[in-house]
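The structures considered in this document are given below.
The same subunit A turns up in both complexes below, where it pairs with subunit B and then with subunit C.
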Partner chain A sequence: MSTVVQLNDLTKRYIMTTALSDVTLDVSEGHIVGLLGPNGSGKTTLMKILAALVSPTSGSVLIDGLVPGVATRAIVSFLPDVNHLDRWMTVAEAGDFYADFYRDFDRKRFQELLNIMGLSMRQKIGSLSRGMVEKARLCLVFGRRARLYILDEPFGGLDPLARGQVLEALVANFRTDCSMILSTQMVSDVERFFDDVIFLNKGCVVLAGVAENLRTERGTSIEGIYREVYGHVEAR
Partner chain B sequence: MWKLARYQLRGRRLLYTVGLLIMAALTLFEATEFIGMRQDPAYSAPVSIGVPATMAICWVIFYGVMTIINIVTYTQDLYGDTGYLIFGLPLRGAEILGSRIIVLIIDTIMTLLGGMSSVILLACLAPGLGEQVRPVVGRFLLTGDYWIMCLGVLAVIVSFMSIMFFGVTFGKSLVNSRKHLGSVFSALVVMTVLWLSLKAGIWLETTFAGWDLYLDPWRNLPSIIVDGKGPIQFPFLAPLMFVGLGVLAFVLTAWLMDRKLNL
Partner chain C sequence: MEFDDRTPIYTQIMDLIRRQIASGELKAGQQLPSVRDLAQQVLVNPNTVQKAYIELEREGYVATQRGTGTFVCGDAGSVEELRRRLAGEAVHSYVTQMRSLGYGGEEMAAMVLAAAGEEQ
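Moving on, here comes the complex of A and B:
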């Protein structure tokens, strides 16, 4: 089993703040990793660095042995926590856009995912509800046969029913030759899918390990551990 | 790069359609004013030339709007949510910036051709007006002078836009998501670069004043522009330096995008 992501002493500083401080961790192939932490803990910054959208201040980052840049963007499929699609696009045009720029985009898979989510190609992004946009974005991200999937709060606009539907579809489509890093506040809904968990606080890793081992060691669920670590504020 | 330019053009198709329809309507409106007009020696050419001149001003406004939209959408990409789509693509900074320059060049070509078409359409619909205007404008529009002038202006505009793109990107690479602070930095950078280039341009022109480094290919320029006092001369060194500065801005912006991006 190879390592898809390797971080060593990764630090990101802005003018006034330190977003990440000496983060060291590995993500293995075939693993779904839960990146957990309260708002402002550095989750999004870490994901953006992995997606080559933010440059680190110091430390090393390797994705499949490559430094983040043009080459890694071709193998990393990133879902930001905001709607990144242009409002003028239809779902079909968004699919065309991904197919034009990402060689690993599979139109057939995209169409299948759209069918599962109950979306039509003709619908305009600007006319979709927040939940529908979220579904369309997930179809685009998982329409790619990427090496690493990075999902930042993917279930924000989804109702509980849709959330379950999406989760089932994602796990059914997850391949063993790729990895996924998923950040969410809805820990209880997704914790059963986590292989590994990383708890971040104020830019530092406060706890990390295999999800099952952590549950056994602490005698509680990942959500319970979350409450222990952060003081029962953020978990739902 | 070409695919991204095509995508940006697709995003602006509604804007182009509306803009071109307005310009066509304006041209037709101007033409109706002069339909049936006959060539009249008493009707002075400087009065008639006001019609194509008005059209030219309208096309310059059209071009200005398109150029402003170009820089605004780039800023929105950098500071807004769609940046994840554009800057997350497996493309180098130079390719992303290049697509913006391609769109700018397409806007320029569209404006030049649109302007010429307007004049030709006016002349066809109102032959009397065409007769009045032809001796003044016709011999310039269909000569190499016009296209050389257009190329020169295009080079300067592309350089100016490259400097604008550099300013916006530099501001973003410094302060991450603080849009207002980034805008202040961007404006400061652009103003400083333009002020320095103006000073350097004046210094160059003064220093090499005796070297006769001027261009005067504008023998066919309409007399209404040069005021009938003989061929006009254009400085050569200052625009050349400005274009060099634009190239430098392009290279630096591409480097910032590749190495220092902070979305």
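Moving on, here comes the complex of A and C:
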């Protein structure tokens, strides 16, 4: 099995804070990785580095053997944690926009995803509810046949029913020749989809492993481990 | 399907399929759903379903034929053996719980007979 992402001693410092320090980890092909941690633990910074939007201070990042940049943007499909679509666009226009930018965008797939999510091409982004915008954004991101999907809080504005639809779309579209990294606070809803989990705290990896092995070793759910890990950290 | 996230999901999928084989819901020669279909049905990671299928194959309950799918194997004898094993586990857990409540063997048996009679 090949490795899609390789991080080695990755560090990101801002003027006043260290967002990531000495993060070393691999993501295997065909795996869904849960990136977990409280607010401010460095999840978004890590994802932005993988999306080639933020450059690291030191250490190395390789995606399919490439340093993040123009070449990796072509194979990485990123869902930022804030709405990145213009309000004046229709869903169809947002699709055109993606098709212009990314060669791996598959219009047929995009249409199928819109059907699953109950959206239509004619709707205007500005007229959609927050949950519907989230769904439209996910359709665009999954509409690409990318090598790596990076989803920052993909379930943020969604009700439980919509979360189910998104998870269904996620399983239906997941392929063995890609990988996915997703961050979420809804650990219990999503933990059954993780192959591996990474727990971040204050920019450091405090625990990482195969989800099923962690359940066996610790005799509890990933959410339970989350409570153990961060309850302990907070108590210190 | 409801899973208990505190134990590995793949073992729960294995239990579910073993139970269906024991009850005859899944018969020898019958094809299991594809990994992706089952993953979508029960909403779990496809790799987890894959792992459950591989383990079931190792235990000899199913066989994967390249390109066509995964099928239930086994003759009536091994199905009966599995059925007895699962029944044994259920009895064991019942007896343990009843013992902790202070019931003896005869009382337990009487209660089981009464309950089984009521359900008929």
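Rule of thumb we're sticking to: the second predicted complex is superposed on the first by the 231 of 236 C-alpha atoms of A that agree within 3 Å, B and C clash if a C-alpha of one lies under 4 Å from a C-alpha of the other, contacts with A are read in each partner's own complex, and residues count from 1 in each chain.
The rule is simple: a contact is a pair of C-beta atoms (placed from the backbone, for glycine too) under 8 Å apart; a residue touches a chain by one contact, two chains touch by 3 or more.
Computed from a predicted model, the values in this text were never measured in an experiment.
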Once subunit A from each complex is brought into register, does subunit C clash with subunit B or fit beside it? fit
Pick one for A:His31: touches subunit B only (first), subunit C only (second), both, or neither. second
Go through the superposed model and pick first if A:Leu85 touches only subunit B, second if only subunit C, both, or neither. first
Which partner does A:Leu161 reach: the first (subunit B), the second (subunit C), both, or neither? neither
Between subunit B and subunit C, what opening angle does the Cα centre of subunit A see in the overlaid model, nearest 10 degrees? 160
For A:Phe97, is the partner it touches subunit B (first), subunit C (second), both, or none of the two (neither)? first
Of the partners subunit B and subunit C, which touch A:Glu212 in the superposed model: first, second, both, neither? second
Quick one: classify A:Val54 as touching subunit B (first), subunit C (second), both or neither. first
Superposition result for subunit B with subunit C: lowest C-alpha separation, Å, rounded to 28
Interface with subunit B, subunit A side, in the complex: residues 14-15, 48, 51-55, 69-71, 73-74, 78, 80, 82-86, 88, 93, 97, 100-102
Given the complex, residues on subunit C that touch subunit A span 3, 5-10, 36, 39-40, 43-48, 51
What residues on subunit B touch subunit A, complex-wise? 3-4, 7, 10-11, 14, 81-85, 87-92, 174-176, 258-263
Subunit A residues touching subunit C - in the complex, by the definition given at the top: 30-32, 164, 167-168, 171-172, 174, 188, 191-195, 212, 215-216, 219-224
